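A, B and C label the chains in the order they appear, each numbered from 1.
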Amino acid sequence: MKARIAIFLVLGVAVILLPLIAPPVMNNMILRVGSLVMLAISWNLAANAGLISLGHSAFWGLGSYAALLVANKLGWPFFASLIPAMIVGAISAAAIAVITGRLKGIFFAISMLALSECLRVIAVMTPGFTGGGAGVFIDQALRPSTQTVAMVTAFCAVACGFIAYWISLTPFHYACRAMRNNESAAEMLGINPLRFRIAVLSLSGAMASLAGGVNIWYSGFLDPMIGFDLHVTILAQIAPILGGIHTLAGPIIGAFATIGLSEATRILLGEQGVSLLVYGLILVFSILYMPKGIVGTWNTWVQYRSRGAASAKVGTTKAAPL
Amino acid sequence: MSLFWQCLVDSLLLGGLYSLMSIGLSLGFGVTRIINFAHGEMIMFGAYGAYFGSVLLGVDPLLSLPLVAILVAVTAAVVFKALIEKVLDAPHINQILLLFGISLALQNVAAILWTGDARSVSTPYSLTAFEFETLLVPHGRVIAFATAVVLIVALFCWLRFSELGRATRAVAENGQAATLMGINVSRMYMLSFGINAALGAATGAISAFLLTITPFMGFHMLIKAFAIVVLGGLGSVTGTILGAFALAFAETWVSYYVPEGNGWAEGVAFVVLLCVLIIRPKGILGQAVAVH
Amino acid sequence: MTTLLNVEGLRAGYQDSIVLQDISLSVNQGEVVALLGANGSGKTTTMRALTGLIRPFGGKITFAGQDLLAVEPHKRVDLGIALCPEGRQVFPNISVEENLFLGSFCKRSRPDRKQTLDSVYSLFPKLAERREQKAGLMSGGEQQMLAVGRALMSKPTMLLLDEPSLGLSPKMVQILFGAIGQVARSGISILLVEQNAQAAFAVASRGYAISMGRVTASGTITELTKSGALQSSFLGSHQPAATA
């Protein structure tokens, strides 16, 4: 166990320091993968508790706007601005957890979809506050170097990974699994579903908002279409599904795979619509033929192989008396 | 005062379109218990069908409507059989994500085939209107409303009086008991999904001369249809119509009476949706739904 | 007497749990056969396997000389086999008359559904009174009548009744079994699952006692009552009935 943690730590530090040695063009890639890792872990956390979000762009957008607004209106610098971003994400997630109450599955999914659209309309309609549909630039004087943003993204992604890992070691993890499978049974075990829902979603919301908050410092420009882009929602769910839902490594592997696929289609086919089409097809394909994702399929395969070997052994011992 | 009447007439006309837009979604869910996240794309394909019928062949959207609806319905039934049927017993998450994926793929197939450009169909009745003193009632909207009413009445009659309509209701209430009656449940699922699609496509064909057509038009209509269906009570077809008119009234009133209302009206559906979920998740006429 | 339904070595269950270990039974043309046993002995599972609501793991079912397992569940009604399921399972938001019409959905029974409807109404006059009412708003006994009537609407040659007396008042049981006797006299074969042995004996000529998914005794009603096989079956004894 300790050795494992040590390996994770070393890997984590290496990832965080990567922007220092990688060529500057890599910063963009680190940023995209890092953000998606955060989003995917965040989405997977909620999904672990049986909450399927079809509106993660809501948290992303809230985080982006929170960071941008405290920078532009209050002059907060990069690092400080990430704190309100997380807080806004956590609070709004807690609110949606309370609002959706006992509604699971479909209703939660639709509520999230609606929330994200609702926030987009609000952002468009309050130009005095958010810059409205025309969008707004973040204060250029406050912007850190791209390298710094990339490093922070890497750090945050690693931190999210650690949090997810830590949760997987606590009873919290089992409570989530119980809730996902059967909420009333979980309740009988003494789990308070609402409290857990609030806790899980706040954490999930904070992570997604943090990703949004970091990203605004990289892109420098925000409008409601970028902030509450459906694209973010789609990426947030595709990465864990492709990698392996309800697993620890799944969202991370999925994030790399998704960005890889998106780059490959961009280079090979060029058009933007094509990559979205590919995302759609990945979703359909994964759900139908690989519902456990890359990680789950790999595990099954390994198990199958070891079991195949084991049963072969049993076969020989059985055959011996004959 | 004239503003009041204008608002009332507008909401009524919009309510008809909204009813047609969401009734298929409601029926499809009532029978298959699967939320069709690709409903918006059926509307979109209906709109493109009417557009190409009008531009390439010079056929009026209302005339091409039946053919477009049937084409989309058949395609949807095939998609149902090939993909969706496999997740009927799967967890909700698989169902939701599969349909979401199908929706995404369809949207972008359309975007690649027909580009993202906004299009519109112009008909002889697009720009004309009845005028009663200060009241202005565009012909196009009246025709759309009438078409919606005809189709909805036809659907109700079919459900109420035909053998298959009755079987559809039976499947919606109890699939196993329906099997015992000799009803082929999986075929009824396919049929109701097809009807869901046909009604969506019909909505699209009508909206072709009211709205701008883009590959992504379906998404907004989907969310509005969700709001309506949740408002009316998931799976209740009558409730859906009440929900449609309620949303139409709310949106129209906001756009008339709130400053900058046109922009805010876009958000009414979401606020309604969230409010219903807080106050009465059963919707107006729905049965208990919190279980799933 | 020709055999209408023949079940041989039926094994069935749900996912990984096997409920039916080995069920063999037969019902002849025009006969009323009771399937008796305690809760959980596998009576309902047998019925579900016969109608195809579950797919058996093994065994053979023939109906009128045809391999029933090769027929899709919804097509079995067309062969003349109708189940009145446990717990009634009427369509609650659909009117009584429409429930009955749904019973005659299959092609074989559709042409003369009007006559069948009349005969069902004369069997259960209460249903005629309530024809416009939603089925879910009726009392349990009336719903049971509706469920039996609905099964009869398909003009079956073989009627499967799963615990029709469940949760009914003694008076209602009497009325219902009176009607079932009438159905039997009209020549329809009946396989009747019951916990209420008393009621079952009033109409059945033969019976099978099952326990733990196996047939533990069979014979005419008199034989069964004399041998005490039923007592052991209901008490869940593992002993074969013959030794009891």
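Rule of thumb we're sticking to: a residue touches a chain if its C-beta (ideal position, glycine included) is under 8 Å from a C-beta of that chain, and two chains touch if they have at least 3 such contacts.
Bear in mind that the values here come from a model prediction, so they are computed numbers and not experimental data.
When you average the Cα atoms of each chain and compare centres, the chain farthest from chain C turns out to be A.
Chain B has the C-alpha centroid lying closest to the overall centroid of all protein C-alpha atoms shown.
For the pair chain B and chain C, the distance between mean C-alpha positions equals 43 Å. Centroids of chain A and chain B (each the mean of its C-alpha atoms) stand 32 Å apart. Rounded to a whole number, the gap between the C-alpha centres of chain A and chain C is 54 angstrom. The touching residues of chain C, counted against chain B in their complex, run 51-53, 72-78, 82-83, 85, 89-94, 98, 101-103, 105-106, 110, 150-151, 154. Within the complex formed with chain B, the chain A residues making contact are 47, 52, 54, 99-107, 109-111, 113-115, 117-118, 121-122, 124-125, 230, 234, 237, 241, 245, 271, 273-274, 276-277, 279-284, 287-288, 291. Those residues of chain B lying in contact with chain A across their complex are 35, 83, 86-87, 90, 92-94, 96-98, 100-109, 111-112, 116, 219-220, 223, 226-227, 230, 260, 263-264, 266-267, 269-271, 273-274, 277-278, 281, 289-290, 292. Only residues 163, 166-167, 169-170, 173-174, 176-185 of chain B touch chain C when the two sit together in their complex.
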